[in-house]
Amino acid sequence: MITLSGTRGRKNTLVGLSALALVSVIAACGSASGGGSTPAASATASPCASNTVLSATCDTKTQAAVTLTGAGANSIEPFFETVFYGYNQKNSQTTVNYSPAGSSVGVSDIQQGTVNFGDSEIPMTSSQLAAATGGTVLQIPVDLGGVAISYNVPGAPANLKLDGSTLAGIFDGSITNWDSPLIAAVSGVSNLPNLAIKAVHRADASGPGYDLDQYLIDTAPAWVTAIGTSTPSRTWPLATVGIGEQLNTGVATYVSQTSGSVGFVEYGYALQNGFVNAAILDAAGAYVAPTEASIALAGAQATSLSSTNFNVVNETGAGVYPLANFSWTLVYQKQSETTTAIALGKLLDWVVTTGQQDAAALGYAPLPANVASLAQKTILEIEGSTGTPLFSS
Amino acid sequence: MSSDTTGVLPREGVAVSGVRAALLQKRTRLGEHAYTVVRWGGAAVFAAVVVALLISVAGSSSQALTRSGVGFLWSGTWNPAAGEYGAGILVVGTLLTTAVAMVIVVPIGLGTAAFLSELAPGWLAGPLSTLIGLLAAVPSIVVGLWGLIVLTPIFANQVEPFLASMPLLGWLFRGEAYGPSVLLASVVLAVMTLPTMVALSRTALAAVPVADREAALALGATRWQAVRKAVIPAARSGIQAAVTLAVGRAMGESIAVAMVIGNRPALPTSLTAPGATLGSAIVNQFAEASPGLGTSSVIALGAVLLLLTVAVNAGGQALLRSGGGHRAGTAGALR
Amino acid sequence: MTVASALSRRDLVRAAAQRSLTRRRITGRLAQALCAVAAVASVAPLVALLYYTISRGAQVLSWSFLVNAPTPPGIPGGGISTAITGSAEIVGLALVIAIPIALLAALFLFERSGRLAAALRFSADVLAGVPSIIIGIFAYALLVLPLHAFSNLAAAFALAVLMLPIMIRADEEAMRTIALDLWEAGIALGARRGRVARSVVLRGALPDLVTGNLLAIARAVGETAPLLFTLATPVAAMTLLIYTDGTQAFPIAQETAWGTALVLLAFVLLLSVAAKIAAWRISRRAR
């Protein structure tokens, strides 16, 4: 038994406690100085707490510390992580936590008001909007991604040309071998090996699955017959054909190690892992491979983008990649707390403007100008507790 | 009782000194009541948690169940894209993977436990069992990724073709070798439930009094016979608890299974065909299911799994009761 | 019976016994060999997993990896300090919640028989089969939603619920196999129930209680799904970080995930060893 009897014991305790206190103080100093060492904005910048000009910088030293929480899609996590980190470097008083538990969780979290913002790969439906407890939900497009069709066929060229009906045949099991004449006819490559096609789809519900489903519905009548509906779904509709793997990682791992396999992944994933991707037939009749540029062009075609008109799959235009989609951030229009609201608005403005510079390196395309201004216009609709718009542009 | 023999286990000596200490304390009504209240409290808290969970699951799944009715349990189509939510195939998949996993885990786990408890030298048994227990700590995502990256190619290229080529049993493993399959998922489940089986079985075996072993040996049994006839039967309830917990874990595992089972919501035609379980379906759907009917259906799967676990546990207990009943250690061996 | 026939009969019996002994010895040796093989088969997956985890995670492992805060992929100098401290806090809280309840419930099952105890035992077995994702959703509904905030407490609660059934069953079995007779003796001699529970049952069964509890703790530490619904950000716990980083495209993120997995295993190993040593010392000291 340890007994702290006598002065010796008491002295040890005192030393221990003061050492602990010293360490905590040093640690606290260290973490506080970590963010604020960057040169502050110009001395004439107004305090952040009351600065409601959306894109203006404010004097961060006077801002109260704010922690914002968000939840939603797993796929946007790398982008959010990078952008929020960069924002925190410039504005140390704002900390942002994001939980990548899935679009569904993000939607229900915002419905219940558990988070400051949600994120979903598909905008909320009208019934979901009606179930939101805090009033109107604003939906802001924050990034633009694409879906790559990656394959592992030894001897096949890069950017193999494929169209909707061939893809439908691959994924509904009617085309079973790579040397099928149907593939040769479309791709123009007649010497593909005699290798069984192992089609892998997303076992979990996903944005990429939704996009490919939408594309196949638009371009292949056989697909509509096979799945029995013409409404796209985030859950892959023909799960009884081929293999289903979890998350982008599952599909990517299977494709990279299995000869004859073909699957769909986020373009960023394909880029980082050096996958070989198919060139897909677009609405203009050309075969387009996924690149940052072709995805950006797809987004730019969305001239009347809104949360009810969000589909950018198979857009018409030159060099447009047919498999692209936006990711949508969800915030309540009416914010009850002004400090939080200002921090939130400015954060989102950063995300859709300066933050887009991080997009390309991560495999996304930066928001096209028209979409970025739509996003900013939506942010301007955020209201304070008084019910009037909080920000001016 | 063997508390005065030289062969006593250390813990019995400890307990005896504890009995001595206990006797020196006066038995007061207040103290007696305080303990009973606290003990009831602990049990009540646990019961409250279970009830709260059941209510929560039932409530969240009510939307889906009222829509589909009881048919949800055995309806054969699971196709959320088409709005069809039937759990029948998933139930079959769950039972199949769990059964195959137990076929692997019970003999190997029990054998390992016997090795650690009876046959291994002392310096080896302790560290080895700590290491095996470490396997329980490996996160399911890590086991799943390892299964996907390391095991899948081995199974697709070597194991599954080999099994399919075996003379009689090969029929069980026929079909195209994708890699991800019911078999691979069962193996992964076996890996994850092995530590439970080994650790709890070992505890049960080690707790059998030395006297039982000595009695068997004195009657002329070989070492192995003593283990098989005297020790294992005496440890029966502990081994049963181990199997129950292993089965429970195997039935509920979701992430690791989803990564290696191939996620095909159809009745598997062979063990090497892809399949789907309740757990894998839950983890696949939940994150992106549409709030409302979609989420409710996923939680309804959880309700089905709960019912299934109840059924399996009840069935297991009935089986054991018909085979001899629940007996505790020494007292059982003496009967 | 003549002497000769008795002697020949004795020889016959002896020969039969000898044959039986040889046969039993051979089967015995075979069975022992199979058990050794089984033990090897049990260790093999761990070795394979460890090998793979080390080969992927060792590159990131360093002192700064342990003490630095996380940074996004592409920004060097990141570590997993917040995840380590977060996991430690969450697991600690979960243990504070779960261990007392499990011990008390196990004592309840151990001391009482009858339908109530049987029902409680049965519900523990059933709870052990609930997928961790459902428990995560339950904790979300109970603690995150009403308070409108993610928290370590909600995560700890989820893990505690996960651990409880395993702990209760393992605890009860440990008590039942070690201390039943001694408990009966103590009660029969007139000692207070609580005292008997404390000094006889818990003290006596301590090493096996520790083993059973460690198993539950190891399982809970490795769970991801419950944390997904109760924590605000992946860097708040190691398993969540493994899940999020391990499923990203960036090689550095994936290596971070495997490095974190290594740290997690070391964490559990340390915990196991420490707990076993503590239990051993407490049992020894009591003599």
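The chains carry the letters A, B and C, assigned in the order they are written, with residues numbered from 1 in each.
Here, a contact is a pair of C-beta atoms (placed from the backbone, for glycine too) under 8 Å apart; a residue touches a chain by one contact, two chains touch by 3 or more.
All values reported here derive from a predicted model rather than from experimental measurement.
Chemist: A-C versus B-C: which interface comes out with more C-beta contact pairs?
Modeler: B-C
Chemist: Of the other chains, whose C-alpha centre is the longest way from the centre of chain C?
Modeler: Result for max centroid distance from chain C is chain A.
Chemist: How many angstrom lie between the CA centroids of chain A and chain C, rounded to a whole number?
Modeler: The computed centroid separation for chain A versus chain C comes out at 37 Å.
Chemist: Calculate how many whole Å lie between the centre of chain B and the centre of chain C, each centre taken as the average of the chain's C-alpha atoms.
Modeler: Taking the average C-alpha coordinate of chain B and of chain C, the gap between them is 12 Å.
Chemist: By residue number and range, which residues of chain A touch two or more other chains?
Modeler: 74, 101, 105, 249, in rising order.
Chemist: Please list all residues of chain B that touch 2 or more other chains.
Modeler: 145, 149, 255, 283, 286
Chemist: If a residue has to touch 2 or more other chains to count, which residues of chain C qualify?
Modeler: 246-247
Chemist: Considering only the defined contacts, which chain C positions touch chain B in the complex?
Modeler: 21, 24-25, 27-29, 31-32, 34-39, 41-43, 45-46, 48-49, 52-53, 100-105, 107-109, 111, 120, 122-135, 137-138, 141-142, 161, 164-166, 168-170, 172-174, 176-182, 185-186, 189-201, 203-208, 211-212, 214-215, 218-219, 221-225, 239, 242-243, 246-247, 258, 261, 264-265, 268-269, 272-273, 276, 283-284, 286-287
Chemist: Going by the contact rule set out above, which residues of chain B touch chain A in the complex?
Modeler: 79-82, 144-145, 148-149, 152-153, 156, 176, 178-180, 255, 258-259, 262-266, 274, 280, 283-292, 294-295
Chemist: List the residues on chain C that touch chain A in their complex, please.
Modeler: Listed in rising order, the residues are 71-75, 144-145, 148-150, 228-229, 231-234, 244, 246-251, 253.
Chemist: What residues on chain B touch chain C, complex-wise?
Modeler: Interface residues on chain B, with respect to chain C: 1, 10-19, 21-23, 25-28, 31-32, 34-36, 38-43, 45-47, 49-50, 52-53, 56-57, 60, 107-112, 114-116, 119-120, 126, 128, 130-143, 145-146, 149-150, 191, 194-196, 198-200, 203-204, 207-208, 221-225, 228, 235, 237-238, 241, 244-245, 247-249, 251-255, 278-279, 282-283, 286, 299, 302, 305-306, 308-310, 312-314, 317, 328-331.
Chemist: Contact residues on chain A for chain C in the complex?
Modeler: 69, 74, 77-78, 81-82, 85, 97-101, 105, 112-114, 247-249, 252, 266, 268-269, 271-273, 361-363
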